[in-house]
């Protein structure tokens, strides 16, 4: 279980997160909604150890994860598919994926089967396995990024706008994949602009505005919340 | 004909020496995007460390080679930690200037400690091989053989091992590497360790055929930079081919246009190659 | 059309002040040849640093053949004066033109490459220039160098005298800064900054990246030659060593210390480093043991150079477009 | 206006675009859709002169522009934005737009050095053009803000302003709404429609179907580098090949109609608010 | 009173070793004078202090240093490289005047006819005739060329070629290399040896010169060497065994001159290395200048000091004399007996130069 406690993030004089509280229970898909600049990515970067918080903390299964040490988060089972993908552009698609399993590097059999699963999930990647990741189209790169995060066999998957730039069909596939991964026991925290699709698969959701959690609730509560409907669902 | 084969051997030995120095540089430059102008300095310090081990401690040559490699590896790690790590997201020329500062420091420091005079580094391998008038010292043969082995090993390490892949991954996206759990600072240290150790090995192998002096690194610096650019930055086979190309250009260019112009020939080759293949010989076009 | 009202710009006055003060310096130092010498060297190399700055600071290209062009300018003046018997006042502009043309020729080839490769490519060219100067005995005197280039006279002013030369260098520097400032605020200069920010984007904005690069290369090498010409008559002796990579890196250092891409940086950096080096001569053998780490500390703690430090000390200001209409200083 | 005949490009062994023939109709909004990696961005790169096709020709207003360098293509009146927001983050929004107008000015190094009248005139003209462009994308209030400090959506607008400042006849927009939330997407949609209404020919790539369906007059579908369909939104969204390759369930007409109604309503509401 | 003596030479970079060698001679002379309580100039007790500035072998830095030194009131300045010397020569007579003590064997320095230059080493052209004679008679008529490509080296190479031909030999193609930047001499040596020469002309800084010898011997060369005066046998011998040097002709090592034992011993004790003529001549230079100051009764009037150099040199006390010295020529050049060495069976035999050649 992930628990975020009074977490604040500052960039110089600018505060991106104002002491937020939230949690993700085991087995849940939790969606994080928020406008551009609301602080979603800041939260994700902090949870995966890339960014140190200025206050508060977050614990996963009782272990602190906000120490600014990403390798520790991965080892604890928290993996992120980041905004901006952060792939290794000159390495082949397959090497990118394999590096996702860096923390499991001794288990080559396990990684091989994991790799096969990724290729099954995104068949186009199998075709491009030997191409440098940087030569792929935007959407294909997004698939590599998701695949790379999954290769770490996370228990909690952090997905920062995974549908960005994906074709509608692929967005469906990604959300399906998220559901499947979730069904296999992985909890998911998902930041999305595509609120419709995201809420479709979510158990619960939070709305982040200006660095504060302003709304939280179950999927149905949010789907029927007027503020959410107007601002995020465009209804 | 004898002269041709003699020059061929000369070029191979020189190319071997160049490639040993260039490999460490290409690793750091190509892989971590740091134009480490201090590399020549590390090479020079490597020679001095070996020399000191041999003369004042009486350590046997091959042991000194190993020890010197370790010392220089650690020195390079220190350099990375103290200088380059804090500059990891600074614009390109910053690490370059810092590296120049380090080069100044190393050169002046060595001069202060050991004086400006030339030193001799004696290797136990002193024989000369004579193939019907074509001669080569065994030390030079050792350089040729060692460079081939080290190049092969390095290539295998980068392309075939997970640790090698982490080095490349980190070079291409540091945050991405952290995100998948690669301990980037350890990998950076490792990269620098390898580069420092290679510099010391190169110096220890090559110095017996030459001299040890504080400015020996400067002379090497320009050449090895030319080499790795010639070969394509970060490319291990490129560094080797670049080294051989420069060595052959200097050796045979010296034969045809006069030894006087050997240095010009080397850089002329660089300029011509880059004018035709702006990305270097071995780099894929982006 | 709601254009912002053009701000009454006072930007030029600090420079005016600097130059007025500099012009008064001789009244203070009297006949101390050493002070003049340091000052004159600072000004000559600052001009060269401005030449590098238009490339590196504005267009984002690192020209490592810079000292080569400095040398070509110096040798052109030296050769024309010694071997052809021309007056300096004729030789100097010719030297500048020669450098510009050679810069253009180099650019035609060098701009096939980009980024680091461009830097190393030009480094190679720089080495070749030095070697050619060093080896072309008949023209350049080879290793002997050219000796006995004398400072010119203009009417009753003898530039062989330190004070007169000081004013000549000061004038040359002022002209350089004035022109560079104009370039910086011009449409051309803005386009260079666009190229530095991203070539693809510059292209998509319709900027002809190649010709812009060629022009700025010419400006850069011309300034190097301008400084070189002055150097030739000042030192009176030319040797190939001054045209090599070490000089290039020294100039780069001045630029970096002062602040790349700023108007004051090249002058400030050259001044600080050269004066500092004079002080550090007192450290004798420890000179570079101290100087090396100082460089490291500098880039670690003042990454934007000294002008960057200045900017940091002042309260941040919202970026306001300097009006194009009042281009110039 | 802009016609392409049998254009294709191959990268090594990968035929990214292949045998695409057709033309862009002036004055309307054309959308290009297709799966990831279909070659849409590559096709833009071909039209805008960033890539040189390995086969085929591109004709703009009767002139063969296939081999023209990018800046000349821009000068003829084709402007583009990039898929990942590409602007000068360290410059202000206004300065970005000023750079966009550079293609319409002639002042060079000599004008700069001599401070010519042309330099002054063109400097003024650039500023005017830049303001106009910022106005058209609704950024006049943020003219002096550092572009990097703007929101994601405003940055997208800066990139459009930069392109507009080149005085283009055709504007190519590569995923202008990627990474932008629904509310702002609606705003952006409105801006684009206004641009088209002003007589500009717009071609855009987008994966947000709601946006495409409300905006596009004409849609072209790429798949594996080839054109697999072309026509009105209604035609295309009914095309089985398109549904199969791209839309999946998103083609279901009722969803589309619903969204379209919602968005139009929203646009109207916002429009009245802003007016 | 403490009088400052100036020195501008390469103290860092590739030529630092050379610059330090020169500096050590100056320092040693000054230390000795001071230890002896200084000298009396016009009734005043005077001791000395060496002010050294680094010019990295760059002429313009030499000029800056000289201006700095003169502005501090220093009127005797030692410079050990031709480029720097030629650059600052015109400054000697400009206000303020100073005495330029030149350590370089470049004849051009004398040709400038500068009234305030004092040149220490013998002109290199002294060596040509005896060197060539020795080698051509011992080994044969074919000369191979692997000199250094510095100005000085090229001038030497030309001169030696001319002399060789004059004495009836043939000269091979020029394979000069830059001894400062060359990493490996094998190629140049291979090329020179392919013409089967009897004798090789070599020489630059001592240690690289020794590497050329090494490369030649390793490639089976059995002939002799003409070694340019810049290279010193005593330093070459630290790089290659004496046996490699058999058949070579060059400058006689300082220690081999008659009467240098005291200096050599003291120097070796102080600096832990063998003195070469860099140290020895600069050491003598200081002593001559100081004697001239005493004789002239001034420490800062360069013209007056210069006028007394000849007598000071001629009457230099035995203890301060390293090389036998006859005086100073009107052109400002030390007039000393020049001795060369021929290496035979691992030992130096001195080769006296005919007196007629001394100019």
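Going in written order, the chains are labelled A, B, C, D and E, and every chain counts its residues from 1.
Here is the rule we go by: a residue touches a chain if its C-beta (ideal position, glycine included) is under 8 Å from a C-beta of that chain, and two chains touch if they have at least 3 such contacts.
Treat the numbers as computed from the prediction; the structure is a model and nothing was measured.
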item: Minimum number of chain-to-chain contact steps, chain A to chain E; value: 2
item: For chain D, the least number of touch steps when starting out from chain C; value: 1
item: Remotest chain, chain C as reference, centres from CA atoms; value: A
item: Result of counting contacting C-beta pairs for A-D and B-C, higher pair; value: B-C
item: Gap in Å, rounded to a whole number, between the CA centres of chain C and chain B; value: 33
item: Rounded Å distance, chain A centre to chain D centre (Cα mean); value: 30
item: Separation of chain A from chain B, taking each centre as the mean of its C-alpha atoms, in whole Å; value: 43
item: For chain B paired with chain E, centre-to-centre distance based on mean C-alpha positions, whole Å; value: 36
item: Junction residues of chain C - those touching two or more other chains; value: 135, 285, 287-288
item: Which chain pairs touch, all of them; value: A-B, A-D, B-C, B-E, C-D, C-E
item: Chain B contact footprint on chain A (complex, rising order); value: 48-50, 70-71, 73-75, 79-80, 82, 85-91, 95, 98-100, 102-103, 105, 132, 134, 148, 152
item: Chain D partner contacts - residues on chain C that touch it in the complex; value: 1-3, 179, 182-183, 186-191, 193-194, 197-198, 200-210, 215-216, 218-219, 318-321, 323-325, 327-328
item: Complex contact set, residues of chain D against chain C; value: 48, 50, 69-71, 74-75, 79-82, 86-88, 90-92, 94-95, 98-100, 102-105, 107-109, 111-113, 115, 119-120, 122-124, 126-128, 131, 140, 144-146, 162-163, 165-166
item: List of chain B residues in touch with chain E within their complex; value: 2-3, 6-7, 10-11, 13-14, 17-18, 107-108, 111, 115-118, 120, 128, 130, 133, 135, 137, 209-211, 213-215, 218-220, 223, 250-251, 254-255, 258-260, 262-263
item: Complex contacts: residues of chain C adjacent to chain E; value: 31-38, 41, 134-135, 137, 141-145, 147-148, 231, 235-237, 239, 241-242, 278, 281, 284-285, 287-288
